Amino acid sequence: MSIIPTLKKDYIYKLAKQGKRIDGRGFNEYRPITIEPGIIRKAEGSARVKIGNTQVVAGVKMDVGEPYPDTPDSGVITTSAELIPLASPDFEAGPPQEDAIELARVVDRGIREAEVVKLEELCIEPGEKIWIVFIDIHVIDYDGNLFDCASLASLAALYTAIVPAEKFDLGENYPLPMRGEPPISCTAAKFNNALVFDPLLDEEEVAEARLTVATDAKGDLHAMQKGLSGGFTVDEVKKIIKGAIVNGREIRKKLQESIEKVKQNDT
Amino acid sequence: MQARKIVLPGEFLGETRSLKAGRGTFIEHGKIYAMILGIFERRGKLVQVIPIKGRYEPVEGDFVIGIIEEAMPSSWLVDINAPYPALLHVSETPWDIEFGDTEKYLKTGDSIMAKVLFIDVEKKLQLTLNDRNLYRIRGGHIIEVEPSKVPRIIGKKGSMINLIKRYTRCRIIVGQNGRIWLDGDDKSIAKVLMAIKLIEEESVSYGLTNKVENLLKMMT
Amino acid sequence: MKLIDEEGRRLDGRRFDELRKIKIEAGVLHRAEGSCYLEWGGNKVVAAVYGPREAVPRHTQDPVKAVVNARYNMAAFSVDDRKKPGPDRRSREISKVTSEALERVIITDLFPRASIDVNIEILDAEAGTRCAGLTAAAVALADAGIPMRDIPVACAAGKIGAEVVDGEVKGGYVVLDLGKDEDNYGNADLPIAIAPRTDEILLLQMDGHLTYEEFEQALDLAMKGCHIVSKLQREALLNKYRPDLEENL
């Protein structure tokens, strides 16, 4: 990792004490978000999401496989992430490192635990044949807050995905069966007693602790992940959850609009 | 006024019979070509290409803002935004440092204003703090700009940077390596940042000093 | 599979010497020092350049020049059947020949001990990704301000529509820039990369079956394709930086 200049850290701290951030945002405010589903033709579902300068492309591919013995009549989701050296001078080529694995697992949990993919409808022959849904996350440009960006891209890809039944002689293609409204992951970072949502890379570099919270449309919680070696007080955790619910509502609206647009174009 | 022309790598610029190849160019079979993306400039017989983007290329005698990467027993490794880290030896500091005590003076993450002492054929760089106005930087804020824009930010004989200082009353130090140190109250710093942003965006345009002055006037 | 119709048109309606639609954009990423986004037919490619920077690990350093590391990588979702993430033998080979092609034009002796890292990501693949990748990489290198003798460019030509009669290959047409089915069911593919200023060949691969005459024809066609794509590369770079000039005169 690159060296963090002490002056930069001091400056970010100093601004935070005055309630300010280096890019002029409020503590709870997100950078501009753009969501473009359906950009990869070869994928069953896909999306490019930008949060500020951070950019992620997620793709959904599907294959026919065998179910797990303990869930013989249920489809399977598997999520992978690559922190490719294209996205940052600090990312290295090679097998996924801890950071990429954590990213994939946090995104996976947010989606899985909200049970938005109807896995029971992805069974072809109980105990024999099911659909496997592969979510692959490709980080293109890294300026902080990969968790939220990758979650959003994965959701946009899933909600617009088409099951490729024809390719496997299993009848006509149909939309990936989804239920309910998407769960939204929101991440906050803590430094010098300040809590900021949607941290920039500069802020992540000086952050002591980080918390990602996935909430649904009702404001219920589905997945959380605390990261980095610092700690949170109970009050801080509660504050972040409340902020995640509020931000989640706005982001969900945006995601649903982008999904609707694709569906309208398809019909 | 003639438009400034952007040239691309490999673009033909002229013959060595009649012209002299300057920086940003190369010669092949008596012909001069651009070797980088940049702005074509001709001064008399000299043709050159001024870079628009690209890493800082250190030159001996440059004043640079460095960040300490690592303290070693008798020297420091310093990031100066160049392709290679630079070395600062204890003998090139004003301090009397015992072997192994380097961390007491400069530690990882500290910033310094230094001068490029020399560069060898393998591009190994050495810095010095033994000159006027070289020191460890305390307080303030450092921003980074494209190193190729530094000459515009400084202006002819410092005209641009002095203009900004006059209107904002900020303390500003511009490193040749694209790092700029700023100190002052938040409002003044915001003004400096706006002015620098304008220079960066319009670094190839004419009448830039007037534009910057108008912007600074508007903000006061 | 019939790749040419009665009127001599290709499956996607192109003429024999016609390229697929190409769109190039320079300087699209925030973090990289130079970057490019390119669409070529159904291919979507992003390329990013980092460096020159001190090569690590140290044993990879060359004391007299920079090393050029191109890394060609396909996204798992870029192909019909999901590809396992990470490099396979095919992508390693493409990375190698691409690195060598780019190294020829980069003025590497200016940066001893350094590496220039070129990352090519194939997001959507539809025949001809190595040419699309190298073409995008070259734009990203120029965008990063890397000193080069030229802006390299790649394009392929090939042969389609031949039939085998009694063990003899009959007929067939030499065409520019094979599309998806032409690549799968065609008779030969000849991807090349050149330095357009001198027409020096920087990359050349071939598979399939060509007579010597067909090879000459295909090479000529691929060269012509390269020069067309080269113009698009230049326009993309000028479009990125020229507006600064014109708006402010």
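General remarks:
Letters are used for the chains, namely A, B and C, taken in the order the chains are written, and counting of residues starts over at 1 for each.
Please note the rule applied: a contact is a pair of C-beta atoms (placed from the backbone, for glycine too) under 8 Å apart; a residue touches a chain by one contact, two chains touch by 3 or more.
For clarity, every value in this text was computed on a predicted model and none was experimentally measured.
Looking at the partners of chain B and chain C together, the chains they share are A. Set side by side, the interfaces A-B and A-C show unequal numbers of C-beta pairs in contact, with more at A-C. Chain B and chain C have CA centres that are 35 Å apart.
Chain A and chain B have Cα centroids separated by 39 Å.
Remark: chain A and chain C have CA centroids separated by 32 Å (rounded to whole angstrom).
For chain C, residues that reach two or more other chains under the stated contact definition are 53.
Looking at the complex, you find that chain B touches chain C at residues 1, 3-4, 6, 8-10, 24, 26, 28, 33, 35-38, 51-55, 83-85, 121-123, 148, 201-206.
Remark: chain A residues 39-43, 46, 53, 55, 57, 59-61, 63, 80, 82, 84-89, 93-96, 134, 136, 138, 140-143, 167 touch chain C in the complex.
Interface residues of chain C, counted against chain A in their complex, comprise 29-32, 42, 44, 46-48, 50, 53, 71, 73, 75-82, 85-87, 117, 119, 121, 123-126. Across the interface of their complex, chain B is touched by residues 33-34, 51-54, 63, 105, 107, 111-114, 142-151, 195-197, 234, 237-238, 241-242, 244-249 of chain C.
Residues 3-11, 18, 20 of chain A are the ones that touch chain B when the two sit in their complex.
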